[in-house]
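Shared chain: subunit A. Partners: subunit B in the first complex, subunit C in the second.
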Partner chain A sequence: MMDAFLHAATSLENDYVKKWKSAGKKIIGYTCSYVPDEILHSVGILPYRIRGYGVGDTAIGDTYFGPFICSLPRCMLQLAGERKFAFLDGIIITPGCDSMRRLDECWRKANDDIQGILPKFHFHYGVPHKYADYTIKWFYDETVRFVNAVESHFNVRVDEEKLRNSIRLYNESRKMLEEFEALRCAEKPPFSGTEALAVIISGCAMPREEYNALLKNFLEESKALQGIKNRIRLMLVGSANDDIELVRVIEESGALVVADNLCFGARLYEDLVEEQGDPVFNLAKRYLAHNECPRRYGDYKKRLAILREKAHRARVDGVILQNIRFCDLHGAENGLFERDLEKEGIPCMRIEREYGPLVEKGRLKMRVDAFVERIRQKRREIA
Partner chain B sequence: MRIVAGCDVGSLTSKAVIMSDGKIIASSIIKSKARPWESAESVMNEALQKAQISMNNIAFCVGTGYGREKIPFVNEISSEIACHAKAARWLIPNARTVIDIGGQDCKAIKLDEKGNMVKFITNDKCASGTGRFLEVMAKVLGVGVDQLGELSSKSKNPITCATACTVWAQADVIQHINDGVPIEDIAAGINTAMAARMSVLAGNIGVEREVCMTGGVAKNEGVVQALEKILGVKIRRIRNADPQIAGALGAALIAKEKLGEDK
Partner chain C sequence: MRKELKEYKFDWMLLSCFSAASKLQNGTEKEYQQMLRYIPYFRGVVETVLSTGKPGQRFIEICAKYLDNLVNAKERGYHTAITTFCFSPIIFYAMDIMPICLEVMSVMLTFTYKRGSSDFLDFCNEVGFTETSCSSQRGSLGAYLAGIGTDIDMIVTDTPGVCDTNANAFAFAASYLNKPFFQLDMPPDLTGNRSDEYHREDYKALIAFLEEHTGKKLDLDRLRETLQEAEKQDAMIAELEELARLVPNPLPVTYNFFVYASRFLFAGMPECTRVLEAMLEVGRKNAAEGKSGISNGKEKVRSFFCYIDHYVQSLKFWQMLDEYGICYQGNILSRSWASNAPHVKEYGTYEAAYTLHTDDLDKLIGDIALLNSRMPMIKSIRGPYDAPHMWLQDTLSLAKMYKADFIVYNGTPGCRNTWGMVKLLARDTEKAGFPTYIMYADAFDERVQSWETTRDRFLEFLTVRRLI
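Moving on to the complex of A and B:
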């Protein structure tokens, strides 16, 4: 079971993607968790989250991006330039942050030089920076524009009933992932944080029906396991991370990542989509409302409350606040989180890193080791 | 009292400390070799020879440094951050801030009144602000890295050196040499650049007295004085041991704790 998740989480063109393509079906990639999967699912297109996983060097990415920019979109462009996303029939870029917005321009420019790396369907999906009545309306309009673009390009029709079925299917996933979250936060979690991240990421890289079936079996098997104990319980927060190796490095120091607040993590599955009423509007509302990313203006206190609640629920001993170098959004917010969580007695460690495979393992491990030692020292003091 | 040891395999140098009865009975520093286990064995053998004992006499040994996981003879490992914190309190009993400048990284550690780590930060950008920076600059100047401190004390008009990048700073230094700037003014500029870089980290955790400086660079009086000037706080000089062995000393102190002989 775990092998299937690990495979999907650590390969771009995984077996599920190959099977889907060999059946002649379409796949659309997107870069940010604001894109409603359900719309694509309802018309038989596989929604796939574009990642930068497995990059060896960034020569192509460096050509189009400036030096002072997040390495995640740079790695994505690198892989696109190497034709690693040749299986995609379309891409959606969202302005999740300025670096990601630039991916849209850079990918189009790179396509002039490395022809054929940009699928014919490429859509810029605007996302507001606030959550309010008028921004939901704005995002709804943008979602309708997206629906129209998909219908027109792929010659399909987004049928209301089919869309409702897709919403129900994805809500089933979310409900199962709530159970998964409860197991993860338990006193003796039946799986590691590394495995947990693989489970979550797989959801962005395989057909939902197969994912739900795997997830159901995984939960049943997990409930029978004894669970992991006597580890320092940590929460991982901050910039996008789809690299299970980062979590593995943290866990090698005697820690267990029992909670996260990452856009490739728990933020993906929190909250259901309402099943009554206009499905497109409900999707717009849920996707804009649920995603507590620091790109959203004015919601710091709400995000702090989320971390506080998670830290309490998962009984974490400490929080790792990480950000990818040049990620101003998470970098700035992590400083505030550190200040406020430390005040409440929750030990925090901030780290700035390069994205994914470029991570400096030795230096990172030294800091995590020291952080775990700091927490152990604190425990001894209390005892 | 049983004999304990600490072994710190760093990126540039490896250090070993042997302690008995709460005192350092031998220590050793060597240039790190390509393989961490070779460095560990060499430096430990050297220290054992000085103490005139064998590894069998060591009751507990803790490893630290970048090569800590590859040291074959240790009973346990610990991060160098925890080791420097531990050593700092032994060297300066009321230390609350530890500034460690090692070969390829620098750290600032904040301690509470009991000596527990409450916060730490390490450099995460490049070689600037590390021992390697000084080593590169000393090589360009054609002097030993240990001469930089003494040279800078003779400076009348220190140069301003680029602090952001070791390579660019090196280009700056070469330009000054070509322009005939006195070597002591260049050395002073280099030390100030180093201190400026480190002060950013120290400022980040909030400097509290007493301040203790560990690592090989603590032996460079030019950097220490420049740092005192920038931070506006006196840095306590370590008199009872070589600051460069602090990582290994901390490891030995942790080894002592593990034997229950820390009190």
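Moving on to the complex of A and C:
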């Protein structure tokens, strides 16, 4: 079971994607967790979260992006330039952050030089930075514009009943992931943080029906396991991370990542979509409301409360606050989290890193070792 | 932060400098020259600004007045709001709120002191803000985070959707200082009914926020008066921009800076109008005589800066342009998007412009919302750079209209929104026939690249491209 998840989490064109394409079906990639998968699912298109995983060089990314830009979109562009996303029939770019929104232009312009790397369907999906009546209205209109664009380009029709079914299916996932979250936070979690991240990422890279089936079996099997104990329990917070190796490095130091607040993590599946009423409106409301990312300026206290609650629920011994260099949104907020959580007696460690193929493994490992030792020392003192 | 920096309020220190500078020419020439010996690091600013005559004198006076208003705001019964350069201060003045523009304060620090704003830049990092964030806010934000500035009541920004690092600086400050925060959010499209409605609804929410935190209702008549003054200023800026089209350009190189700085400080207020009036007097006179605004009267080449300027200590950037006969044809900060602006008329881009209907109270809120959505950067750098009415279109049309010989990009390494696509922009402007130079300096922090290196590289570009 775990092999399937690990495979999907550590390869771009995984077996599920290959099988989907060989059946002649379409796939659309997107860059940010604000895109409602359900709409694509309802018309038989596989929604796929674009990643930067597995990059071995950044020459193409560096050609188009300036030097002071987060390495995640740079790696995504690199992979696009190397035609690693050739299986995509469309892409959706959202203004998740300034670096990511510029992937739109960089990808388009790179396509002038490396022809054929840009799928024919290309959509810029505007996402407001706050939650209010008029911002929901904007996002709803934007989602309708998206529906129209998909219908027109792919010659399909977003049927209300089918969309409701897709919402139900994705809600099923979310409910199972809530159960998964409870197991992850348990006193003796039946799986590691590395495995947990693989499970979550897989949901962005395989058909939902198969994902739900795998998840269901995984949960059943997990309940029978003895569980992992005697580890330092950590929560991972901050910039996007789709690389399970990062968590593995942390866990190699004797820690266990039992909670997170990442957009490639728990933030993906929190909250259900309402099943009654206008499905497009319900999707717009849920996707705009649920995703507590620091791009939602002014909501720091809300996000701090979420961390507190998670830290308490998962009984964490410490929090790792990481950000990719040039990700000021998470980097700055991590500074505030550190101040406020430390005040409450929750040890924190801030790390700035590059996104990529474990370019900083040694440095990371040394710092995590020291952090774990700090927590152990504190425990010894209390004992 | 150095201990001695905490001895006095930083804004009071700045006020002392600018207040003294505004009186320097009250005495005799001998007294003036004698005084310059005591301000070795500030004299470059003083001399450059005052050498422009009445406009320079008035400009220094309004800087001093702004700082005086800021330092004494609470005593005089005003509320205070930290805000940003791309937020029109008109609404604040109409509601008795003193706008504290972080970028303007950072520029003042950078100009005035030998060490610029470096202590405050670094203090931000000491308290958890990222070093990779934009120096334009950090430069003065550090002082407020350290508690050595005027007391703040609220924090307001309008850069979400346009510039993350800008918006994030204000959000961080609000959380760190535990102050009320409001963001005006900008949709990716500038024009169209959806965007207009969004701008309007968001602006109404802003007014509700300001009313809540000041305890006062917005007086529409007062807003109308402020907008009428702004309308007058737009007409004067339009005339200045029209003058800048002449060859040679009759406006001195610093005028562009005076225009935008005056607007950031006092848009809608008579102080700004007085500076513009003085500039127009000189501009009209030079134009009538067919004279260039360059000090030695020889305009050699015309530059267009597609982003911001370089605020290194003592105004060295403008001194360099003047020394080499490089005429300054404006930047992104100086353009007005009023419907009477020359470039709007030239290209018929009325859809992207704003019109103030000051005779119709019902339209005022919608008008000011539209005006605010057309502020520098907010207007041009929100959607994809090559979308209609965005950065590429603006840069090319302005460079062409003002007969620029080359284009320069200068910003800060914290500027994620432009560094994400400036290489693409430069490729397009080069294709359109404009030699384009990307400066890798930091407009506010000379430690990133020394002024000497910045100048040498700039001149090297001009030499290699045979522009000088």
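Here is the rule we go by: the second predicted complex is superposed on the first by the 380 of 383 C-alpha atoms of A that agree within 3 Å, B and C clash if a C-alpha of one lies under 4 Å from a C-alpha of the other, contacts with A are read in each partner's own complex, and residues count from 1 in each chain.
Operating definition for what follows: contacts are C-beta pairs under 8 Å (C-beta built on N, C-alpha and C of every residue); 3 or more make two chains touch, one makes a residue touch a chain.
What you are looking at is a predicted structure, and each value in this text was computed from that prediction instead of being measured.
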{"item": "Contacts of A:I351 with subunit B and subunit C, given as first, second, both or neither", "value": "first"}
{"item": "Which superposed partner A:G56 touches (first subunit B, second subunit C, both, neither)", "value": "neither"}
{"item": "Partner chain(s) touched by A:G227 [first = subunit B, second = subunit C, both, neither]", "value": "neither"}
{"item": "Subunit B versus subunit C as contact partner of A:E381, first or second or both or neither", "value": "first"}
{"item": "Partner chain(s) touched by A:G44 [first = subunit B, second = subunit C, both, neither]", "value": "neither"}
{"item": "Partner chain in contact with A:Y64 - subunit B first, subunit C second, else both or neither", "value": "second"}
{"item": "Of subunit B and subunit C, the chain that contacts the larger number of subunit A residues", "value": "C"}
{"item": "First (subunit B), second (subunit C), both or neither touched by A:A332", "value": "second"}
{"item": "Subunit A residues contacted in one complex by subunit B, in the other by subunit C", "value": "352"}
{"item": "Of all residues in subunit A, those that touch subunit B in their complex", "value": "350-353, 360, 362-363, 366-367, 369-370, 373-374, 377-378, 381"}
{"item": "Contact footprint of subunit A on subunit B as seen in their complex", "value": "66, 78-82, 105, 114, 116-118, 120-122, 124"}
{"item": "Contacting residues of subunit A [partner subunit C, same complex]", "value": "63-70, 95, 97-99, 101-102, 104-106, 109, 124, 126, 128-130, 132-135, 138, 141, 294-295, 297-298, 300-301, 323, 325-326, 328-329, 331-336, 338-339, 352"}
{"item": "Residues of subunit C touching subunit A in the complex", "value": "127-130, 132-133, 157, 160-161, 163-165, 167-172, 174-176, 181-183, 185, 187-189, 194, 197-198, 201-202, 205, 383-386, 413-424, 427, 440"}
